[in-house]
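Below you'll find the structure, written out as structure tokens, and then a few comments.
Chain lettering (A, B and C) follows the sequence in which the chains are written, and residue indices restart at 1 in each chain.
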Amino acid sequence: MLEALLEGLVLVLQWKALAFMLLGILLGFWVGLLPGLGGATTLAQMLPFVYTMQPVEAFAFLLGMHSVTATTGDITSVLFGVPGEAASAATILDGYAMAKKGEAGRALGAALASSLVGALVGAFALAAAIPIVRPLVLTFGSPELFMLAVVGLAFIAALSSQGGRGMLRGFLAGALGLFLATIGQDPQAGVARYALGTLYLWQGLDLVPVLVGLFAIPEIIDLVVRGTSIAGALPAGKLSRGALEGVKDTFRHFWLTIRCSLIGTFIGIMPGMGGAVAQWMAYGHATQSARTAEERKGFGQGDVRGVLGPGAANNSKEGGSLIPTIAFGVPGSTAMAILLGGFFLLGLVPGPDMLSKHLAVTFSMVWTIVIANVITVIACFALLNKLAQLTTVRGSLLIPVILVLVFIGSYTSNNHYGDLVVTLLSGGVGYLMVLAGWPRAPFVLGLVLGKIAENYLYISTARYGAQWLTRPVVLVLIAIAVAVILYPLFQARRRAAAHA
Amino acid sequence: MKWKLGLIGLLALPLSAWAQQPYAGKTLTIIVGYKAGGGYDATARLLARHLPKHIPGKPTVIVQNMPGANSMIAANHVYNVAKPDGLTIGTFNRNLPVAQLTNVQGVKYDMTKFAWIGSAASECTILALRTDLQINSVEDLRRAKQPLVIGATGPGANTYDFPLLLKEFLGFNLKIVTGYQSSADIMLAIERKEVDGRAGSFTSIRPFIDRKLVRPVLRARADEPGVEQLPIDEDLATNPRAKAIMALRSAPEIVGRPYVMHPDTSPEHLKIMREAFAKAIDDKELIAEATKAKMELNYVGADVAVKVMKEMLSQPKDVVEEFSKYVKFGE
Amino acid sequence: MHRKASFALSVLLMIASGYGVIAATAWPMKAALFPLVIGVPLFCLAAAEALWTLFGSAPAEAGEVRDFQLSVGKDTGRRALAAAAWILAFFAAIVLLGFPVAVPLFVFLYLRLQGRESWAVSIVMTAAVWGVFYGLFDLLLHLPFPAGWLLAWFGFS
């Protein structure tokens, strides 16, 4: 295995492959940054060029482009509160809050550094797990995936405020998300649920328009109301805490970053969970690391840990999601599906061979992800403090640009005006939620996990009857879910005991 | 007087040039009823790259995605909103005639009235089962003692409809478990031995047949290179009503990748398009690229396509009624 | 404001879930199960929150929200409405005039009217935004931007 590791590295370090990787990184930088430049459409547009490349260069380009989008998506989230990618939405909660406090540089530094750590940890965990990864994925059948979705939903409790009222609102938000997830044609009876007579809603709500509306619009309204720059009323407009501080933060909370990276990698490996879940579970886990009531209040207001968690997870999941694609031929996302098409160019058949005979090629892909991320982070670092300056620019100059990005970013999901309507409505709901003191994170969790939970539950029951409840992994996951739900109570009791 | 004739001749020159090359300097748009990355999109993009050289005037060809409602939105658009100037082509879900047939709300098109260019491929549905189950023929299938678990994505998809009809009309011992997010997820479930097999297009299952994970047992009626030896489901049905319903389900697959234009498109534009498509699909470079991407295109002419559509949509009421009980419009 | 908004949201959710539950009863069991299992508790939770807002004690509990707090200032309400109006106006412009016209128009008008920027700044920014928008999304990516309804009605396209 060690030779395969080194062989993979050699494959990547050829001049031409590196050159194409750099080109891919350059493109991926903008794709991640700009909402509206969706990964899938851009990749599809790139395919013609890929066909004319040599195989190794081709996937260096594709992977280089793809691995970078998760990192740069965080930049727009932090600076403007607009998710550059669907997977970067969780970074907005604390990242943009930090920008408002004048700590944009620090938030960017933290986001990038944690992205790098996430990518590295993800890549190495992957490499280390390769011997067991096939049995691992094969053990997680539909019942286990359902329970995993339940564990994800359990984080709703973690993301709600404490106390009866807080929990009530958290669960309300989560239930609303779950409810909206049922819109669309159901896979059991084919009924177009809640389509309200439109064709647009047949396939359900698309995540990007909802996220863009839910998070960006309330912030924009608030920015207009404040009438200042994003960084608010800073004394003498001086930005505090540059990017380097953010990097230091990553190491101050090193173990949290590692744990969130592992969560991301794991979710990435599980086929069918979807890319948006990892960041929210990581965010939920990060909030659990708050020790006192004061700290917990800080989340959502600009706690750097709220940036580290999602930042790490949404990069590590990229490495993880290579596994179902390469080892099973099951792409985890549209981008992976296109990458899969690219793999055929190599004459490689995704499957068990990729983990044995062609292990070197698999490792070269892992190395590509590592190197692409390192290059991106280093290249971005020079820009970070300059980018942070944007938050001191007059709000009225930025707002029209942000709004254009919001509308285009939402429109390009389906090239349908319905996307814009969804964004506006989500914006309205989001604004009301913030006004009313309801947390938005549980809503997103419900929306993202609803379909997965429903489908896997039906499959599990149809296939195994009631027996699936007694499978070992299922029982373990039930225990984890219960632990996640009870953890806040446990923490509260410990605190009460400490104070007593 | 002669100078007047000369002037008319001079004026006529560019006009005749225009008549020869109506597409010179224009942009042709192919509207795909799905998001980027899927089979329809990949086929459209492949064609977009190679069509220009076969159209006199060498226009630019671009692809736009208009997903939604299993591509009904795109179909409605090309039928009603797009201009009939020969510059818009639509490609969408081959099952759209089923929506029209079963009177789905929201259908604003008529499959028989589109200006048909043809189909870029036939997509035959097959039933494939895990190799280690040792089921190699239809007799083995009939003799299976335990119900065979077949994974599906949802009603309206061939993953669901094909096995459903097999179960209802041929009496095979199948248990259909639906809800998988995509056909790729079903393949994973097969590897996990959670399900025993799936139905699906031959093109999508072929890599797994080559890898010897699954083995094809049955097919539907569409002809596609590679499936010739497999028995056809309709042939196994004894009841003529059953045959009719299976045929109705399978008919759209013959027109597997439909390409159409606005109903009022001029005949010359249509003729140019049909010729261009036929030539492009035979183009060596396109075939090379397609093989690399594991796609296989073969041109099915407009006359065949229209015939299939007309046959489907003129079925007697009782057949349609029973058909609707089993097959809904979906993917 | 907290209480009013929370009450409004809860009532909204009660209506939505009520409609959802009633609509679901018309469907076959398999399609209706999840919407019912979620819709009924959703209705009850929303009702609980609505009642709590009406009759409950002061909002000390609002303190610990895991989300950002909206700024409160002198004429917050009016300014927020103005912001919402601009956003809706942009949407209307996109639908009526199409993206390619609405984008530069909105940027320019916002900068001049709301931002009170100088002519120079407004024009330069508008040009820059429109340039990037057009170059990237139209020329390069060929994204479909339908003509606005108004323009189509008048025969432009």
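The rule is short, and it goes like this: a residue touches a chain if its C-beta (ideal position, glycine included) is under 8 Å from a C-beta of that chain, and two chains touch if they have at least 3 such contacts.
These numbers were taken from a predicted model, which means no experiment stands behind them.
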What is the identifier of the chain with the smallest separation between its Cα mean and the overall Cα mean? A
Highest contact count belongs to the pair A-C
Farthest chain from chain B by C-alpha centroid distance is chain C
Using Cα averages as centroids, what's the distance between chain A and chain C in whole Å? 23
Roughly how many whole angstrom separate the Cα centroids of chain B and chain C? 38
Please compute the C-alpha centroid of chain A, do the same for chain B, then give the distance between them in whole Å. 34
Pull out every residue in chain C that's touching 2 or more other chains. 143-144
At which residue positions does chain A touch at least two other chains? 41, 45, 186, 188-190, 415, 454, 458
Could you list which residues of chain B touch at least two other chains? 64-66
Within their complex, chain C touches chain B through residues 142-144
If you look only at chain C, which of its residues touch chain A in the complex? 1-2, 5-6, 8-10, 12-13, 16-17, 20, 23-24, 27-28, 30-31, 34-35, 38-39, 41-42, 45-46, 48-49, 52, 56, 59, 61-71, 73, 76, 79-80, 82-84, 86-88, 90-91, 94-95, 99, 103, 106-107, 110-111, 114-117, 121, 125, 129, 133, 136-137, 141, 143-144, 146
In their complex, what parts of chain B are in touch with chain A? 35-38, 41-42, 45, 49, 64-70, 72-73, 76, 105-106, 149, 151, 153-156, 175, 177-181, 184-185, 187-189, 191-192, 194-195, 207-208, 210-211, 213, 289, 292-294, 328-330
Complex contacts: residues of chain A adjacent to chain B: 38, 40-41, 43-45, 47-48, 51, 137-138, 141-142, 185-190, 197, 199-200, 202-203, 271-272, 324, 328-331, 334-335, 337-338, 341, 344-345, 349-351, 414-416, 418, 452, 454-456, 458-459, 462-463
Where on chain B is chain C touching in the complex? 29, 31, 62-66
